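Per-chain numbering from 1; labels A, B, C and D assigned in written order.
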Amino acid sequence: MPLKGYSGPLSASGRGGLVPAPPWHYSCDFLIVEYSTDADAITALLPAELEPAERPDMACVIFADWQSCSDDLHELEDPIQSQYKECFIVVGASFRGEPVSRCVYIWVDKDFAMFRGWVQGFPKKLGSIHMTRSFEVGKAACRLAPGTRFGATCTANDRQIVRAVVELEGISETGPTVNAPPMFNTRHFPAAAGLEPTVFEMVRAGGYDRDSTEIWEGPATLAFGENTLEDLQAIAPREVHRGFRFSFAYSVDGVEVVGPHDREQLR
Amino acid sequence: MPLKGYSGPLSASGRGGLVPAPPWHYSCDFLIVEYSTDADAITALLPAELEPAERPDMACVIFADWQSCSDDLHELEDPIQSQYKECFIVVGASFRGEPVSRCVYIWVDKDFAMFRGWVQGFPKKLGSIHMTRSFEVGKAACRLAPGTRFGATCTANDRQIVRAVVELEGISETGPTVNAPPMFNTRHFPAAAGLEPTVFEMVRAGGYDRDSTEIWEGPATLAFGENTLEDLQAIAPREVHRGFRFSFAYSVDGVEVVGPHDREQLR
Amino acid sequence: MPLKGYSGPLSASGRGGLVPAPPWHYSCDFLIVEYSTDADAITALLPAELEPAERPDMACVIFADWQSCSDDLHELEDPIQSQYKECFIVVGASFRGEPVSRCVYIWVDKDFAMFRGWVQGFPKKLGSIHMTRSFEVGKAACRLAPGTRFGATCTANDRQIVRAVVELEGISETGPTVNAPPMFNTRHFPAAAGLEPTVFEMVRAGGYDRDSTEIWEGPATLAFGENTLEDLQAIAPREVHRGFRFSFAYSVDGVEVVGPHDREQLR
Amino acid sequence: MPLKGYSGPLSASGRGGLVPAPPWHYSCDFLIVEYSTDADAITALLPAELEPAERPDMACVIFADWQSCSDDLHELEDPIQSQYKECFIVVGASFRGEPVSRCVYIWVDKDFAMFRGWVQGFPKKLGSIHMTRSFEVGKAACRLAPGTRFGATCTANDRQIVRAVVELEGISETGPTVNAPPMFNTRHFPAAAGLEPTVFEMVRAGGYDRDSTEIWEGPATLAFGENTLEDLQAIAPREVHRGFRFSFAYSVDGVEVVGPHDREQLR
């Protein structure tokens, strides 16, 4: 008998796998806040293959409210299979002299998105994420207009991770920049036994058919929680820069393997 | 010392109450499916003061994805305080010869909205609700256009309550009608001891500053779960009529007391 | 047609109500930490009818891991209907010269328990609560023995409310004392419109068929979260006293109304 | 800089990984129901390397209420890091003439346990699991005694997966047998791009320091949900055998790789 499926649980039919086969199509709303922090703390999160960025102190927090589907779009009419929210922290770095970015922490609220992240090099944990939305009508609509405030929060393991508010001011000329370069993440999968991982490779996240609305920006506030399981205070904001709000879409058909990581750095 | 607050927990400052004082402002997306069912089963859900509607077999399921706030709007930038999703079942009825509607079952996913419902005569339970959303860009955007399918599900007590899909066809001339008349619900609050409720009164839900986008409609599917704690199969669809999708907003400053319910019907 | 049910949603059959009729039977594990705090801050949480306790600075945090059922026990074999966890803060007070206690804040993780609380004068909100359990076998069993550490946490609205750890030392001679006197809570239910509540009465929580295991006690740590929606820092621990761990059971058939609250204190 | 951690997210300190390094220590309560189903449907869930069992129609559903920790036990006093519930379906099979078992579907309610499962060859998805517990005192205690009924439910993606009830009758002479042989699972991790997995190997789950209480058994009921994302109706019960309830503990320091799976079966 065959044992099919893009991901487990495998079966003769291939139905029932946690994640359907790529390509995957994504639409979202983004809320992004850029900030600067301790450059050494950022460097401590980079693999040996990456150098600090030209501005080694820059990072950003990205909140995303997603709807995604596989190629036959079947998840869209059963939204528990298509919707999820994410919060992730991205830092700048440099690879062979070229600017890159890297996702150092990320939380998500659905299992399929968590696993899809591990496959692509995003080290996802579960979290509870909320983001202000814009509606069509009413006093609670939070329209895209100067003065509207968009908030977002993330909590994981019942500890508050991050809280952000962006007040829209106007259309951005540049948009966010920290997360703009190609993203170099790490695919890591532990061994059946022992501490040496089976998979340990650097990958470059790509994507195609990117689309975006115009980008609003404005002043922002940003705070990281205390007592988190991760050492977030090490990369907490020293200075908060601008916040951004826009909608975005792209498609993904896997990530590109840049190469194996040097395993010496694990010892 | 004073003991202040619109709702408990009360305190000298009044801070910390589960629900802030009205008025409350609401914006939402609606997905509504109308259907017909057993007229007697609908009548069994009406209080003695209400008669069956002219079309006594008509009901609808309403899914709503809300953002709400109190008068100072502070909840909007902390969306865990402002966002929630609901699913409710509304039937038609008649009061002194005039058409009315009535919410017979309702599920919601936040505590403040659950309690606000009890105050207004909506007998809310907790549930898990998902609704397809429309985004600005991308293949997963589910644009408001002919052929787009919007799905919604509600599960409570880990049992599936209802599943609906609406396929947009065009702009509706009439919009949904079952939920259009004034809604007559029951405020009910049990006694400190014994089975006779302390509060048992019929109320008329109002609201002001109503606003709405244009209404899309199209064919729909609708199914109720088996094995639910409520007797939903009694009012399950015999014929599914049209589905509707639109955005809506209004404000609420309490509900109007129509009068006490006859307590004889409780014995 | 009749419209039956101990609580809404009401129907001809009475099935489907959020809370079945009392009596209710309860079994639980308790983790309790006593502490002292600012006496004035406690007094600010008392109604006009209660005076400060002889030791006006004493409070306790109670974590409870419950299994409950109504008289036919049907909920026990469907544990989503019977299990829930709670965290509550209890302070001492005095009523007509007699010592009483009062629940000033409380969080719970199920809807039926939340509503049952409102009926009995416990101003419950939803929260996420975790408590170390004792198992029968294994290194992770956390046996009831000197040196075992029991932890508990509560988070609400994605903000950490409280974190406690108790290290078992030996069998307690006295057990906890802050929550020992009769508990005087407030039943409060807002009006259909306006700020004056429909129900505002002081009740005395009773119960019968109480049973308990022996009580372990030991040193404890206790911390309240910052940035909570409630003003918890006002009653945060100044000194942490002893912690207690035991199992408990009782039955409840309503609470006794002590009398209406003076409504002047609401103005 | 080093990039440490047993699992991602990796960092110089190694703090913040989703799963701490093994060994891991586990204590639990089990509720197990054995049943027979369509033998061909079981075979369709086996990899090419496994043959049907001597009794090819036998399967069981296992509910487990866990507390686990790594070697320094630190998770035990922060129970959100140590507690989780699981539901899994185990079938019999044969490997080179020897009886084995295999976990074909599994749901769990915490992220660390989900990922730990993927590392060990358990294809975990998230689910909501409830199990009746036994308490020390009270009418709701569900004591280990003849006639007590223990129920359990699992729901995933808001669809009910399985519902079971076991009524205790007496101490079991044999205990459950379907899950007794060594468990042969599949470690599977998709590639960075393309449909061919990076990791695809058969592993044998082991464990040491096993301990167990006496095993209660009795008659059981068992039902699988309709409309699940997995094809559960194919392996739904044709005949329900006995149910079992006991406590169990063991430790795990990885799983043994039996060998690579034949990749031909994926085409």
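The rule is short, and it goes like this: a residue touches a chain if its C-beta (ideal position, glycine included) is under 8 Å from a C-beta of that chain, and two chains touch if they have at least 3 such contacts.
Bear in mind that the values here come from a model prediction, so they are computed numbers and not experimental data.
For chain B, the chain with the farthest CA centroid is D.
C-beta contact counts were set side by side for A-C and A-D; A-D has more. With each centre defined as the average position of its C-alpha atoms, the distance from chain C to chain D rounds to 35 Å. Mean C-alpha positions place chain A and chain C at a centre distance of 39 Å.
Spacing of chain A relative to chain D, judged by their CA centroids, is 30 angstrom.
In chain C, the positions touching at least two other chains are 80, 130, 153, 158. On the side of chain B, the complex with chain D involves touching residues 128, 130, 153, 155, 158-160, 226-227.
Residues 25-29, 67-69, 73, 76-80, 82-83, 130-133, 135-142, 149-153, 165, 209, 211-213, 247-251 of chain A touch chain B in their complex. The residues of chain A lying in touch with chain D in their complex are 1-4, 6-13, 15-16, 18-19, 21-22, 43-48, 80-81, 104-106, 110-111, 114-115, 118-121, 123, 125-126, 157-158, 186-195, 198-199, 201, 203, 229-231, 253-257, 261, 265-267.
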